[in-house]
Amino acid sequence: MSVAEKKPAGAAKDRVLSRRGITVTGGFAVAAVLLVLVPSFTDSFYTFVATRMLLLGLFATAYNTVFGFGGMSSLGHAAFFGIGGYTVGIAVTRWDWPPLVVLAAAVVLGAAVAAVFGVMCLRVRGIYLLLLTLALAQAIAGLAFYQTEWTGGDNGIPNIPRDGLPSSVREGDGYYMLTLVVVAVCVALLWMYQRSPLGMSVVGVRESEARMSATGYRTGRLRVVAFTVSGAFSAVAGVLEVYLQGSVSTANMSWLISADVLVFAILGGARHFLGPFLGAVLVTGLEVWVSTYTDRWTTVLGIVYIATALFLADGVLGRAGWAVRTTKSWWEKKSSPGGAAPPGAAADPAGVPAEVRA
Amino acid sequence: MLTWLTHSVNGLAYGSLLFLVASGLTITFGLMRTVNLAHGAFYLLGGYLAYDLTTNGTDYWLALLAGVLAAATGGMVVERAFLHRLAGSELPQIVLTLGVAYIIGDQILANYGGDPVAPPTPPGLEGPVTIGDWVFPKFRLVMIGVAIALAAVVGALLKYTPTGAKVRAAVDDEEIARAVGIRVPLVFLLVFGCGTGLAAFAGVWGGAFTSLAPDSGFEVLLLALIVVVVGGLGSIGGALLAAFLVGLVDQYGKVWFPEWALFTLYASVAALLAVRPRGLFGKAVFR
Amino acid sequence: MTEYAIAGENLTMQFGAFRANDDVTLKVPAGERRALIGPNGAGKSTLFNLLAGQLRPTEGTVSLLGRNVTRLPAHRRARLGLARTFQLTDLLDELSVRQNVELTLAAQTGAHRVFWRPLGSVGRLAAQAMEVLEEWDLAAFADRAVRELAYGQQRVLEIALAMSREPQVLLLDEPTAGLSPADAHRLTSLVAALPRTITVVMIEHDMEVAFTLSDQVSVLQQGRVIAEGTPDEVSTDNRVLEAYLGEAADA
């Protein structure tokens, strides 16, 4: 019989202090310091870009709650992003709400609308899910377009005052720091959610709905939960965008945004928590760089999309992980010539039955 | 009374345009299950090319043909070079065809600018038709007829001809089709080319109806997708019916509650899809 | 009236023109080991899906531990004490073995509602999961992804997951299918060792396994129950022999 390696109960603590734990914590510390120092090294344009990278990274991470982790492909997330933005536009210009109230309202609205999306999508999968979420988002965008009295129609709401924010964080470097803090907190919350029993059970539904429901989970409810969480945090990103830009319009709800965030997630690696964030940073960075040379950024973006579809189906992080694993096993094979394969290695199963009808 | 007639026929005419656009998509998406989000871009391609040629003196019908052929060729290149590798995977297809659409759209923007353009109304179809007290543009009436005729022709081709049988066989079961000697890759290639060619034709006529701009490709694509899915994947008649319905809902939506126009349309579509994913006439959807 | 652990009465399942189960009645008393056998296409897995709640019958009723559960969805029946395995192993492949067990255990307690602490750190989940894995000799693979396990081990894990929920009724859908003789033998011993407080119904193609493990055997053919009895009775029943040999003769 196989040898059971007993893991002592204190193993969890040991893991944090292990080499891997120190490397990871160290990495985060370095990243944190660098992020905080960004504005001191760059001029206002690049600080602006960095701010956008952060909020789009949050949007992509929130999106992935439903996409990579929930296994549900949505083309409708622009709706939640836009709802966050319009909440700012309407609440500030009409009623002068303070930013915390605006944020809370945006989160509630984003979550509520996302929950509706989730409920309506319970019976659909695959391409139908993509189209249904798209249709739903277009319905919301239609409201933005035609309810001109509220939303300003196609022109949107320009000149949104930022007086509600404390003066030190109203724009430029200060706003970057504010965004950094908000994004860091939200990403941390999403990380905690993702690893929690609730977040993991959504992943379970992605893996096998039949197994989860046979275990006693209400899979429909879990799908709606995933959407709700995703919508809430997407709205936060939308709020950050509008305070940054100072205006909101139907462009904030355009389905091109939904397509973009889908590609961020795929490009960065949808099965990795930080993959989508990386995708957002890469594409935004590429846009800035390419735009210094040519007006034809959209063409380049199209090429990026094509390359991603053809070569990067599991994303940059996915490829990186594959490369690391391949190198590791090559290294292991070299260090133990003729060594036994690790226990439980996937030996070929003794023939899966051909007859599966009963 | 006559206003209702005008509204209704306008709605049907718009629906006909949608069907013209969607006809190519019913074939590539409805039949082949290949997602082509560049469909709108080929619509634009046909329209802009025809506009360019006719503005420089080419005969209308030749320009139309050129546009269609260009799009058909472009479509076949995309299919052969990229899409056939992604068979069965919708997400990569979506991302890839979006990329193609972005490139085509941007190149059009670069070459023609962002202001709307319009290919001319087909010669012989300009002007109004007068029936008693009722006046209506001839072109739009003809469009309704063309949509119905197109649906009938494509449906008949698929159902009653050996070519159509080969296409249906290749779509239903690729392996068996190959085993019987049908050259499946060639079939898919040609079918895809027909799809994009039809999109271009719709672009030339649609452009005359509603004019063209670099980003109108996506609006048109969205509506075409909806028409195909609401009608039911694989059903040409379903797509025609759905197109007429969408056209009428859109028209009356704008007339009765203009502030809710787009919302009503898309919300109705969403409600239908949520409850009945297979649309009106599609085969049952298995999870 | 005797209360059966699990019972299906007059179950009919119609798929369009096809009748997968035709007026099937199956009543299993508590603690019994029941084998469900029959040639291919007999409707055995469909019957399981009706009993466990993946399907709603066209006609008929299902009762679980004395309670009518016909209208209840699968997850409700699971919470009432029913556990099942699937014919084609259906596990959470990308997650680790440990996580599969933890999620199964979490479903039983309020743990599954926690949304701020990591899965492994909630209550005693991690410790309980390790206990389960050690019991089934899978502890060495705790942190491997399920898809890396050999097929035989996945089958064992499935049963481990089902048993970890301390069910009162266990449905095993072809537990030894696809296993090597050694693995099948091991699995059979594991099932034989299950306590009699649990009622076990199993679909099996392997006659030896079915007859060794069961107290009673029900035979299905073309959607109908054609015979029922002890393994001895069934193995000598002419109708059963005809059902199997008849098929072989036609083939």
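Things to note:
Order of writing sets the labels: A, B and C. Residues in every chain begin at 1.
Following the convention adopted for this analysis, contacts are C-beta pairs under 8 Å (C-beta built on N, C-alpha and C of every residue); 3 or more make two chains touch, one makes a residue touch a chain.
Please read all numbers here as calculations on a predicted model, not as lab measurements.
With centres computed as the average of Cα coordinates, no chain lies farther from subunit B than C. Distances from each chain's CA mean to the overall CA mean are smallest for chain A. One inter-chain figure worth recording: subunit A and subunit C are separated by 38 Å, centre to centre, where each centre is the mean of the chain's CA atoms.
Rounded to a whole number, the gap between the C-alpha centres of subunit A and subunit B is 33 angstrom.
If you average the CA atoms of subunit B and of subunit C, the two centres end up 50 Å from each other. Residue ranges on subunit A touching subunit B, taken from their complex, read 73, 120-128, 130-132, 134-136, 138-143, 145-148, 255-256, 259, 262-263, 266, 295-296, 298-299, 301-306, 308-310, 313. Interface of subunit B with subunit A (complex): residues 35, 82, 85-86, 89-96, 98-103, 105-107, 109-110, 218, 222, 225-226, 229, 258-267, 269-271, 273-275, 277, 285, 287. By the touch criterion stated above, subunit C contacts subunit A in their complex at residues 38, 40-46, 52, 54, 73-75, 78-79, 83-84, 86-88, 90-95, 99, 102-104, 106-108, 111-122, 125-127, 130, 133-134, 137, 139-142, 144, 147-153, 161, 165, 173-174, 177-180, 183, 203, 205.
Those residues of subunit A that touch subunit C in the shared complex are 1-7, 9, 12, 192-193, 195-201, 203-204, 207-208, 210-219, 271, 343-347, 349-353, 355-358.
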